[in-house]
Amino acid sequence: MPNDYLISVNDLCFERDSLKLFGDVSLCLSAGEILLLEGPNGCGKTTLLRLLTTLLKPTSGNVYYCGELLDKVRYQYLADMLYIGHQSAIKLALSAEENLTWMAASEGLHEPQMVRDALQRMGLGRVYDLPCHQLSAGQMRRVALSRLALSRCRLWLLDEPLAALDAEGIELIKSCVRKHLDRQGAVILVSHQDLAAGPMRKYDLKENCF
Amino acid sequence: MILKKIVFNVNGVAAVRGFSDYVKRDLQLAYRSLGDTVAPLIFFTMVCTLVPLGLSPDTQRLSEVAPSMLWIMALLSTLLSIERIFIHDYEDGSLEQLLIAPQLIEIPILGKIVAHWLVTGLPLTLMSPLLGLMLSLPGSAYPALLLSLAIGTAYLSAVGAVGASLTVSLGRGGLLLPLLVVPLYMPIIIFGTATVTFAVDAMQWLGPLAAMGAMLCAAIALCPLAAAAALRFSSI
Amino acid sequence: MAMGSTKWQWFYRLGSPRWFYEISGRWLPWLVCATIILLGVGLFWGLALAPPDARQGHSFRIIYLHVPASLLALAGYYIMAVTGAVGLIWRIKMSFMLMKSAAPIGAALTFMALFTGAVWGKPSWGTYWVWDARITSMLILLFLYLGVLALQRAFTSVEAGYRASAILALVGTVNIPIIYKSVDWWHTLHQPATLKLTSASSIHTDMLEPLVVMVCGFYVFYVLALCLFTRSEIVQQESATAWVKALATSESRT
């Protein structure tokens, strides 16, 4: 397999209960690129993203990370990968700061100041110590996405990151993504809104082509 | 080679860190939702009150059934709370983040089991002498009651975690969960009540207690593995 | 996967539902014949020809159903667990289908063992139910089976149901020896003085021979039932595939 891609996917197939969701998906992504997965509802965008997180196992086909088979470098890959899905993994009983501290610690980041800065940047400076059940849906989404402001993972897998965000929030996410791309990071994204933050490639899951 | 070393380090460091972190986090969460946490304890007290009401307030008869009643009630109270071990994490997405964390997930799961025991099993154990007093359990039985409940509730938490992991994605799993784990709980209730009954009859009660200890050791070794497999295979 | 290597080819062919469906279709007539002959001979021999028991009279004859059912109930749980484990380790769907089919058969046999035991208990102990060690263990085995059955049917995703119930079956397997030992020990603690099980368990050869035939008959019957259940499961799960559709059209034509 070519080595210069950060991640490449070869003939990926996924069946659920012998029902084929998609087949022969082949795509690749270099550092510094965004890949947008497109397609109508129910064509398996979220499923493909979850396959890339290793939460689901493909029926057939392979995923390569830095040219190595994913199963061989699984821990390294998981350490380099950040996944933010529909569910935000936020504990309602904890404050924004506590939630983000926990998420940062799972990446091995332990500086409290970084967490504060990230929340400040995401416009949550005034509510960082409120329990999250007092926040609005948009604010909760911001808490979840404030991981992007401090994450050092190379590959981001984002599922509908812009849902429930206002215009200002979308701008904040764009700036995070831009910084990430400057650092030679890569993003794979499922979104129905435009996230024009850099050189973007699109992959249509219905037609299986770029 | 270098990559392999990195993988090993990431794995090793994160694995050890995972355990205490998850214990602390689950304790913190239990403290924040104190109402949910103490519900099994209140349930324990309340159903123990049912025994004299349903049977008779006669101390002689109460003291006869006290060991088994305390044990059955402790089991039911644990059953009431065992679903919580994974369900909230599943609902808010923390569970999938755990499954893709770069570490052995058995370690955090063991941490969650320990945290569950600390917030249900241990308080139940500490409360049991009080209820033993109300059910006129003879004085000689208290050490056996405390020790057997301490070991036994840990076993209940560990085995219950397997059941909880199997049913976590069902939503209505709360109904199914007791069905799965109660048969697995039967040996421990045999040894648990035997320990206390032996102590009441002034017999040597270390034997059944040792059997419980052995079962707990096996459960600590095997249950996180089974729960991890169940979460990986069936929760997503 | 090492699909190409010939050494493993038989193994993966074994994993093909279609192959199983065809081969088991060829076995079925033989299995039916063997079941009818073995059970017929065994029942006639046991119920009509074997001498009555010295103490229990004719009521002992229920062992010709009770003993084989109990044996297979326990063996069936292990069959379920082993097929489940094979399915989990090698990700073979066929194996999961066998596991799923083994559960209701095993539960039915366990229930039969309990029921025949109760019927037998009335004339020999004077009561339908006693908390005997073996009966209690059998009851717990029934609960374990019911758990697996319930879990299999609770999942909306068939595969998730397969995997979850396979794990539960394995957990149960680890627990069965513990349960048996602990129930045995519990029974010695509370041994009721008035009730004694048939103490001299040395069974006369005239009674034993038909029992052996019955046990063999039950084993063949188990295989037959497993094949039938699995075939129906295959047709259900593979209904979208071309070969099942072809099968359905050819069957409706004839």
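In order of appearance the chains are A, B and C, and numbering begins at 1 in each one.
Simple rule for what comes next: contacts are C-beta pairs under 8 Å (C-beta built on N, C-alpha and C of every residue); 3 or more make two chains touch, one makes a residue touch a chain.
Computed from a predicted model, the values in this text were never measured in an experiment.
For the pairs A-C and A-B, the larger set of C-beta contacts lies at A-B. Every chain gets a centre from its CA atoms, and the centre nearest the mean of all protein CA atoms is that of B.
A separation of 32 Å divides the Cα centre of chain B from that of chain C. For this pair, chain A with chain C, the centres built from the Cα atoms lie 48 Å apart. Averaging C-alpha coordinates per chain places the centre of chain A 36 Å away from that of chain B. For chain B, the set of residues touching two or more other chains is empty. Those residues of chain B lying in contact with chain C across their complex are 162, 166-167, 169-170, 172-173, 176, 179-180, 182-184, 186-187, 190-191, 194, 211, 215, 222, 226, 229-230, 233-234.
Note for the complex: chain C touches chain B at residues 88, 140, 143-144, 146-147, 150-151, 154-155, 160-161, 163-164, 167-168, 170-172, 174-175, 178-179, 181-183, 185-186, 189. Residue ranges of chain A in contact with chain B, taken from their complex: 50, 53-56, 68, 73, 75-76, 78-79, 81, 83, 85-94, 98, 102-103, 105-106, 108, 131.
Looking at the complex, you find that chain A touches chain C at residues 16-19.
Against chain A, the residues of chain C that register as touching in their complex are 157-159, 237-238, 240-241.
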